[in-house]
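A, B and C label the chains in the order they appear, each numbered from 1.
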Amino acid sequence: MGNHSDGSPNHSGTVATAGQNEVEKFQDPGIPPHRLRLADTDPKAAKRAERQVALLFGLSVVGTVIFLVAYFAIDLGEDAGIATIRLQNALLGVGTAFAMLGIGTGIVHWAKALMPDHEVSEERHAIRYEEDRVAAVRIVDDIVEETGIKRRPLIRNTLLGAVALAPLPAIAIFGDLGPRPDEKLAHTMWAPQDGNLKRLARDPDGTPIKASDVTLGSAFHVIPEGLNELHEGKLNEKAKAVVLLMRLDPSSLNPSAGREDWGYNGIVAYSKICTHVGCPVALYEQQTHHLLCPCHQSTFDLTQECKVIFGPASRPLPQLPIAVDDEGYLVATSDFKEPVGPSYWERDMHERSNNS
Amino acid sequence: MSAATTAEPAFVAKTKAGRVTDFVDSRVGGSGILREFGRKVFPDHWSFMFGEVALYSFVILLLSGTFLTFFFDPSMAETHYDGSYVPLKGVEMSVAYSSSLDISFDIRGGLFMRQVHHWAALLFVASIAVHMLRVFFTGAFRKPREMNWVVGSVLLILAMAAGFTGYSLPDDLLSGNGLRIIDGVIKSIPIVGTYISFFLFGGEFPGTAIISRLYMLHILLVPALILLMIVLHLFMVVVHKHTQYPGPGRNDNNVVGYPLGPVYAAKAGGFFFIVFGVLALMAGFFTINPIWNYGPYDPSPVSAGTQPDWYIGFVDGALRLMPGVINGFHFEYVIFGFTLTLNVLLPALVPAGILFTVMFMYPWIERWITKDDREHHVLDRPRNAPTRTAIGMAGFVWYCVMWAAAGSDLIATHFHVSLNDVTYWLRTLFFIGPIIAFIVTKRVALALQRKDREIALHGRETGRIVRLPHGEFIEVHAPLDEYKRYKLVGFESPKVLPAEPNEHGVVTGKEKRRAFLSKWFFEDRVAPATPAELEAAHGHGHAAVEASEDSKSLTH
Amino acid sequence: MKALSQKRRHPLAAVALLLMGLLVMGGLYAVATTVNEAKASTTSYSANDTEEGGKLFAANCATCHGMGASGTQAGPSLVGVGAAAVDFQVGTGRMPMQMNGPQAMEKPAQFNDEQTHQLAAYVASLGAGPAVPEEGLLDEGGDAAAGGELFRTNCAMCHNAAAAGGALTRGKFAPALADVSGKHIYEAMVTGPQNMPVFSDTNITPEGKRDVITFLKQIESTGSPGGADLGSLGPVAEGLFVWVAGLGVIIAFTIWLTSRTS
């Protein structure tokens, strides 16, 4: 920013200096003279405006009729198609619009053309008078004085303490809005049950997937076997367990130490829940091997174990270790080694306890 | 409206309306109120109507929302759809989604009501936003209206809360993913985040409780609070009386306009029907929130273009703009064995926090800088308060950058550019956009002020070119009448207020900072034209026609 | 009649006539060959088709894909991509590519149906791959609801829940699916063009693909019950509309309302 004062060259005397304000300022000329409307002077124009207003009100009646006809004459029976619904919706809209706009524009036109349009000037009153103000302050002072709260600190302090603690029960009852968070967040349905490894199944129909089904360049949306049979908490489990299964050329995968056997023949499975705020990271680009989250555009590189290469996520997608069972079906050899989905305060603690 | 408003003992109302008025008055005593309001003066300007748009949208929301509650069932129990929309027949879904589909396809007028409700909701928040922009840029928040500005800001937040809780109710895929994002953001809060998430959702996400809980908030708590705030807001409008734009005959001691009865009441009342009519047209012809496209909520699928409604967009955009990793530094890290997720926490809280804090505090900030303790009832034209206008525009541009970021994927597909490039550009604009906006706005405002001066002193350009006898071409300038001129010159141009010592004769550090800000505020200023200058300009112009004299004008 | 004769003089009339002729020819050809195709598409190509296709390939495609379609720096090997890939890429105009870019763009097809068929025959002869789908899978007679579920799980994240398209990384995008023929949708699923993953028959069964096509064609033909769909782009389009059109109309009313009548 420039430091010079633009447009007010002091030397030329254009700046009003203190004390001179009243003299130097233009005087308020007052409200401009009232200009008469056509309808004020010409009875014909007034009559015309009157007819226009009546016409607009009449239009409103037409709108109401349109609405009623559309409501009763169009039947949304069993065989009514989308086109019928669209027609009815449009006619209800037209009807209501005419009914409302007719009244609205009619009244406004009436007010503008026929009601008196003299601008009025009204004095503002002070919001409060000096007398009241003094009295009010004195009253408050007196009230405070009569309670003696200043002279009796014991009363004041115990009252403050009591008031401060009183809302605690209210907060406590909110504590039963839900269970306390526990390690459930860190576990998914993929954990082997009774020694049986969970098979990978297609989302949404739940049929198990064979390794041979997964052709090069494929992307399968996967749920754990048995998820669809759950009666309670199905969506809760699904929200943690969904997995994206992809097959690429094994040579383009670069598994780190300890993760070499987490995939099978170029088939790898990663959690579909974004480590940012939990949208499904479901966009798989089969040539670039990038996974993209459609909500906030976090991009993960499959060839680098789903490391974040763009966007707001900070942590790689968790990988699900998979293998093939005797019948050729893909199975999860264990649960995820870390909590899936968005981070939370206890996440690291849960990860450590998962791995211990 | 009747003229018979007083209830003197001997007074007998003669007209029918008068007798009704008298009947009501003698039982509940409304004559004082009517006397106060019946002829109350309201100034007339189109930009004063946005608050009314918001109020009327709210009324329409209550009407259409009541209809919807008769048919909506906020249960998350599982069901199989058996309505008339074929592409979803037999699909497993929640009762909430199923009943929303029934409202759309099987209840006569249900779709229309849903669309009226949703369009009205978008318009409600949009009109509040525009109303607040108007109030800010015209300085209507100044004394005595600071508290009403705060109430209005609370209303904006409540409107957003009402919108968000409603957005989630149909339990479709779009809103479900929106809730999931909220859950992710809540979980990023240190220490208590996981607890809040579990309490809100009644356990793990998504659970079976959230829809009915949001429903209670949406139809009871939030509207009740909004109603309460509206009452407070309007009460204060009555106490303060309306502000008015500067102009001849208008000053801080009067209100110039039309009396409430009948003209203003008719216009304002009629306007309700107009707003309703416009919303009805939109609902009749334009689809909003086609929940049938999205399908039921399921944690596995997601749709491209998953965005919140516009008023939450800026937070979503901030989330998109924040990089998770910069040069190998991960914004998520472990501290004392706990996870701190700054890549979510910072963008979710900081920009919104700054915007709302500055918004709430602004009247007091400006009052402190200017030491202006007078009452203001005449508005500033935005150009006559260049620094304030520039601050407002900087904030607005900052908001818009985040807003645009929420649609980064659509910008990419519709303008055939790379999604990543859009993000890089917007990240840059996030920092420099407000600065550019501030500088440009301030210059434009000052330039407009100079133009006003020019017109006040030399008249308006007529576009008529005249050739003088000696061959010179000039454009004829028509002088202004005194009313039009007063509009251009009747404003205050405050000057820098240097630091003053306090009662102990000490210039405190705080006072120095205030003086610094005052300098920043008022250093660049254009003084209003004075009668003496007009005199000089006329003297100079000499001839009957006012020549455009660039050399003597203030353009540099 | 007058209108018709006027149109005939239109400069595009020749093009239209040519197109009509081609369509008729193509139609006749299609009728003549349906019987063969319906049985087993991969083996239905005549030696003549393959030979003609080979010539077309050498003239138009070999620059990038190499002689014998074995691939070069500029284009991948086409051995084993199958007839479906050729029919999709050439039939939608994506191949031959006009210029290098983030992805091959759809444009008016460069080859007619017969030439496309010949090219497909040639590439199919190089190695086994997905064949052009049978008519029975494209009749839109499947289960729209089941197709909708499959679409939302497997496709909506890129193509949008209403098939309006969406953005991918670095300038790539998933196109909108309105006006794409059922055959091309099917072929895209089995071949995974460009960055789209492959949805082989072991992932989504042929019947499943038929359901998906049924779903897409149904939502496309019925349109939105609520009126204009604003591009089915979701809340961004709605927000833009309320700010521009909604508030715009309201402001126009407020200006009228507060103006003085003459």
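As a convention for this text, contacts are C-beta pairs under 8 Å (C-beta built on N, C-alpha and C of every residue); 3 or more make two chains touch, one makes a residue touch a chain.
All values derive from a computational prediction rather than experimental measurement.
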Query raised in the report: Quick one: which chain's Cα centre is the longest way from chain B's?
Result: C
**Report entry** A-B against A-C, pair bridged by the larger set of C-beta contacts
**Finding:** A-B
Report summary line: Between chain B and chain C, the Cα-mean centres are separated in Å by 44
Query raised in the report: Which integer distance in Å separates the CA centroid of chain A from that of chain B?
Result: 18
Query raised in the report: Using CA atom averages as chain centres, what separation in Å is found between chain A and chain C?
Result: 34
**Report entry** chain C, residues touching no fewer than two other chains
**Finding:** 149, 153, 157-158, 166, 168-169, 224-227, 257
**Report entry** Of all residues in chain A, the ones touching two or more other chains
**Finding:** 85, 89-90, 93, 108, 112, 117, 203-204, 221, 280, 282-283, 294, 297, 310
Query - Residues of chain B whose C-beta touches two or more other chains - result: 105, 111, 115, 267, 270-271, 274-275, 278, 282-285, 298, 300-306, 408-409, 419-420
Requested in this report: Provide the residue numbers of chain C that touch chain B in the complex, in ascending order.
Outcome: 102, 144-145, 147-149, 152-153, 156-162, 164-171, 173-174, 215, 218-219, 224-230, 232-243, 245-247, 249-251, 253-255, 257-258
Requested in this report: Enumerate the contact residues on chain A facing chain C in the complex.
Outcome: 35, 37-39, 81-83, 85-86, 89-90, 93, 108, 112-113, 117, 202-204, 210, 212-221, 246, 280, 282-288, 290, 292, 294, 297, 299, 310
Query - Sites on chain B touched by chain C in the complex - result: 44-50, 53, 86-91, 104-105, 111, 115, 119, 122-123, 126-127, 130, 173-174, 267, 270-271, 274-275, 278-279, 282-290, 292-295, 298, 300-310, 313, 406-410, 412-413, 416-421
Query raised in the report: Once bound in the complex, which stretches of chain C touch chain A?
Result: 149-150, 153-154, 157-158, 166, 168-169, 172, 192, 194-200, 202-203, 222-227, 256-257, 259-262
Report summary line: In the complex, chain A touches chain B at residues 1-3, 5-9, 13-16, 24-26, 28-32, 71, 76, 78, 80, 85, 88-94, 96-108, 110-112, 115-117, 119-124, 127, 174-175, 177-181, 184-185, 203-204, 221, 223, 233, 235-236, 238-240, 242, 272-274, 276-280, 282-283, 294-298, 308, 310-315, 341-349, 352
